[in-house]
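Here's a structure for you.
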Amino acid sequence: MTALGERPAATARTGSTALDLVLRFRALGLVLALAALVAATTAVNARFLSAQSLRDLLFAAAITVLLATGMTVVVLTRGIDLSVGSVLGLSAYLTGSLLSSVGVPVPLAILTGLAVGAACGTVNGAIVHFGRVPPLVATLGTLYVFRGVVYFVAGGSRINASDLPGAFLDFGSGTVLGVPYLFALAVAVLAVVAVFLSRYRSGRDLYALGSNPEAARLSGIPAGRRLMGAYVTCGALAGLGGVLYAARFGTVDASAGYGLELDIVAAVVVGGVAIFGGSGTVVGAGLGALLLAVINNALPVLSVSQFWQQAIVGALILAAIALDRLVGARTARALRRKAAADAD
Amino acid sequence: MSRKPILTLAVPLLTAALLAACGGTTQGDDEDDGGPGTDATANPDAEIQTGLSFAMLPKSVNNPYFEASSTGAEAVATELEGTYEYTGPSDASASSQVSYIDTLSQQATDVILLSANDPNALCSSLDQARDAETVVVTFDSDVDPGCRDLFVSQVDSDEVGLALLEMTAEQIGGAGEVAILSATANATNQNAWIEVIEAELDSNPDYADIELVDVVYGDDEDEKSFSETQGLLQANPDLSAIISPTTVGIAAAARYLSGSEYQGEVALTGLGTPNQMREYIEDGTVTEFALWDPTALGELAAWTGAAAASGIVTGAEGETFTAGELGEYTVGADGVVTLGPPTRFNADNIDEFDF
Amino acid sequence: MPTRLRESALMRPLATWDAAVIAATAAFLIIAAASVEHFGTARNFGYIVLDLAPILLLALAMTLIVTTGEIDLSVASTVGLTSAAMGVMWNAGIPLETIMPAAVLLGAALGAVNGLFTAGFGLPSLAVTIGTLALYRGLSYVLLGDTAVADWPRDFTSWTLGTIGESPIPNVLIPLAALAAVFGLVLHATPVGRSVYAAGASPVAAAYAGVPVRRLKFWLYVVSGSMAGLTGVFWTLRYSSARADNAFGLELTVVAVVLLGGVSIFGGKGALPGVLAAVVLLTALQNALRLAHVSTEALTVVTGSLLIVAVLAPNLAASARRTLRARRRRTA
């Protein structure tokens, strides 16, 4: 943690062109990595760029992009939400059983998922804010608790595609202009959150809280409300992810979303969001999620043993944070030099 | 403390390693395998005991397949006026099953019905349980034959492999590229069936034009199976058929195919439950698939356990016993009892089944 | 010495939490022995010891790391990777007497990688060890794939499971107790232990006081990796099975017991006896619930709730004390 003191408070809100450049480079770097990977894979197998294949890729990325967006909001405040996989499972199962037993209309199902997620997020936020429990511990605990609740509710039963209304499944597999609804929805959510974080005062407060909680509090930012807001947002998006999960896969059992938190944290970290808060964008996190999805889909096409998949993700996380540190140190040096030059 | 820690740590370890390097215990030194054999003699005329305590330990709870087996076993336990418990871990790992076996053997359960997550890791616990007079019957997924009394196999490995291949050949007209979407990479059953398929493809001239191009693993996770199907179709543009010998895999693959341009182009067959596959039979994604009845499997496992606990069978080849309404069964080699050939489901008969 | 003073002041509320966990554990053991059938038997004692061994081994080093304000989420993956490597070496015909120390050394090397990234490059340990969690687990799949190596020599596996002579004391209890004693002594009675607390309480102050914070943290990761390597050896022999998925997810349990034992996630506070009690409490609780036919779902919820309550309870108590004090001052 000592190292964090040296990190410049790099955020999207500053007017400094140097910092903007670094951030843009980050997104640019991700885009380049994505392009290189897609190009290499396509060179091996041209079908990788076929319409069907791209559609599959976007289907696979939709849920991670959505959850990575929510996770970013929490990580910006120096928090983390490890319970997202369990929240997704709970929401997916509850929405699924509501649809199959009561037959509620699809929009209502989506609202239910959001509400379940928001409720879980409220629990997380309350434990973190009012209980002053560190986010890592609190959400590690609720990871178990929420999953236990899913086990309890679902038992050994499974919701099958044939139990779900056709309209709901069509929503899960349908496309608009070749883009899956699910991905379009995830991107729309990402865009809204991105605008909120960069243009609205309360969004920028989250960066302030993550950069320096004490200073943020002293400058009058309502820390409690913002923290609660962040966790509720993250929970609600995980809940929405559960609805998408049910729509896309049609089959939901008690293990839906098990272990997903690792992928989401990986996407966020690879996307350049600092794990100790205050820096990063949802666009970066979204690109990180997309990159991981491309890797997952490219490996089988490249005939790389799937046993390498996890090792590559791990190496990527390490590379991403090491790169951040390197860029951070260089920017700090450049800023110091500039400051010294200005002083002369 | 500059260099000390590495020395204190590494020196004894390296010394130990070097000392051991000359003449230690290596693979193959320990040949006395087999574990406790069955030395008891069977009494084929004995009555099946009542009031036995049964416990079913599935690979993991929260799995509909095992719930169905449990229903069958519970019915038998009730019929025999015994007690019944369905217990197990929520993650499908061998180490968590060990703790459950320890618990059951302490409670002096008469019959454990087990579907194992690992063929060897459970052995020492099972040996302890059997020392305490507990009968261990594995079903669905076996352990090393030395550490259980009997194994109730859903079907003969050969029969499953052959049936899968036969259905595939019928659907693709006997020629083309096929791929397999399996469960986890070390799943005992699936690997045995895949071996049969590979051997048959090599030796049977009827299948000379069928080529197995890939085996991928969906880990019995819906999402993973779904994306592995996707990857298969991209990596093998000329694929004619996918064989998925796992209920999770075939359902995920069917869902992918039904929503893609490959529907009707690429054949899909394998092992699936009628309830999960009904939709895909109706929309034409799948022509025919197979499975055994998991409830009957649970029933047979419970009857086998009861017969073993009553001394009617010990696991020796050739012994016979009556499994209630299921009829008479004979113990095969290695203490294996086989339920019967898999049932094939297609548009003509699928509505007769509900599981 | 002012740091010493501050430390003891910090330790005071913790000592009570420590004592509370130990008392709760003792009370639970007594109640369970009296009310749960088969719980208080010598045989069950053996099972509990075997079940808690891997958690305890990993928790010992994790206590030191968390006390310095860092974390190591890669421990369970390190267990898996060393176990997989043991399988590969065994298949290559290397004698087990060489494999076992080699596995511990491999663990140390994997820990050194963590140490290099965190202490060396100054990267956040949470992110680094999430990365190595995925990396090491991935590498164990690369090594062993879907196969399991199971033909471990019976002499070794039965020693791991066996008891001392005719007594009900498991063989593994002796090395476990010895290691716990060593870690306890180092943390609570040596300059190294004092450096660990100082580094966790305030790295800057500790650095000014001459504690080589970075080097200390690096070596703690090496120790943590070695302990994970040792756990890999134990795991492989206990289950006679080297598999890539061994100990999957165990890191969460280890972090849970360390926090439940009263170690602050922010560093600087904590004591080993509390952690030891927490290890016993969690394992015995799960064992008793299984014996009492309580469902698996309940187990999951109990573990999660215990973790939250462990941190929540002292916080609530502290704020209650504050409110009380404030009210008293107002009435005075």
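Order as written gives the chain letters A, B and C; numbering starts at 1 within each chain.
We adopt the following convention: a contact is a pair of C-beta atoms (placed from the backbone, for glycine too) under 8 Å apart; a residue touches a chain by one contact, two chains touch by 3 or more.
Nothing here was measured: the structure is a model prediction, and the numbers come from that model.
The chain pair with more C-beta contacts between its two chains, of A-B and B-C, is B-C. The greatest centre-to-centre distance from subunit A, using averaged C-alpha positions, is reached by B. Annotation: 30 Å between the Cα-based centres of subunit A and subunit C.
Inter-chain spacing, taken between the CA centroids of subunit B and subunit C, is 34 Å.
Residue positions of subunit B touching 2 or more other chains: 61, 90, 217.
Shared interface positions of subunit A, defined as residues touching 2 or more other chains, are 151. Residues of subunit C in contact with at least two other chains: 145, 296-297, 300.
Interface residues of subunit A, counted against subunit B in their complex, comprise 45, 47-48, 50, 52-53, 56, 60, 151, 154-158, 160-162, 173, 249-251, 253-256, 296-297, 299-301, 303, 306.
Remark: subunit B residues 1-2, 5-6, 9-10, 13-14, 16-17, 19-21, 23-30, 32-33, 61, 85, 87-91, 93-95, 98-100, 102-103, 106-107, 118-121, 123-124, 184-186, 217 touch subunit C in the complex.
Across the complex, subunit C meets subunit A through its residues 69, 71, 117, 121-124, 126-128, 130-139, 141-142, 145, 203-204, 213, 244, 252, 255-256, 259, 265-266, 296-301, 303-305, 307-308, 311-312, 315-316, 319. Contacts from subunit A toward subunit C in the complex involve residues 1-4, 6, 80, 127, 131-134, 136-138, 140-145, 147-149, 151-152, 262, 265-266, 269, 275-276, 305, 307-318, 321-322, 325. Those residues of subunit B that touch subunit A in the complex are listed here as 61-64, 66-67, 90, 216-217, 221-223, 226-228, 230-232, 234-235, 237, 251-252, 255, 259-261, 275-276, 278-279.
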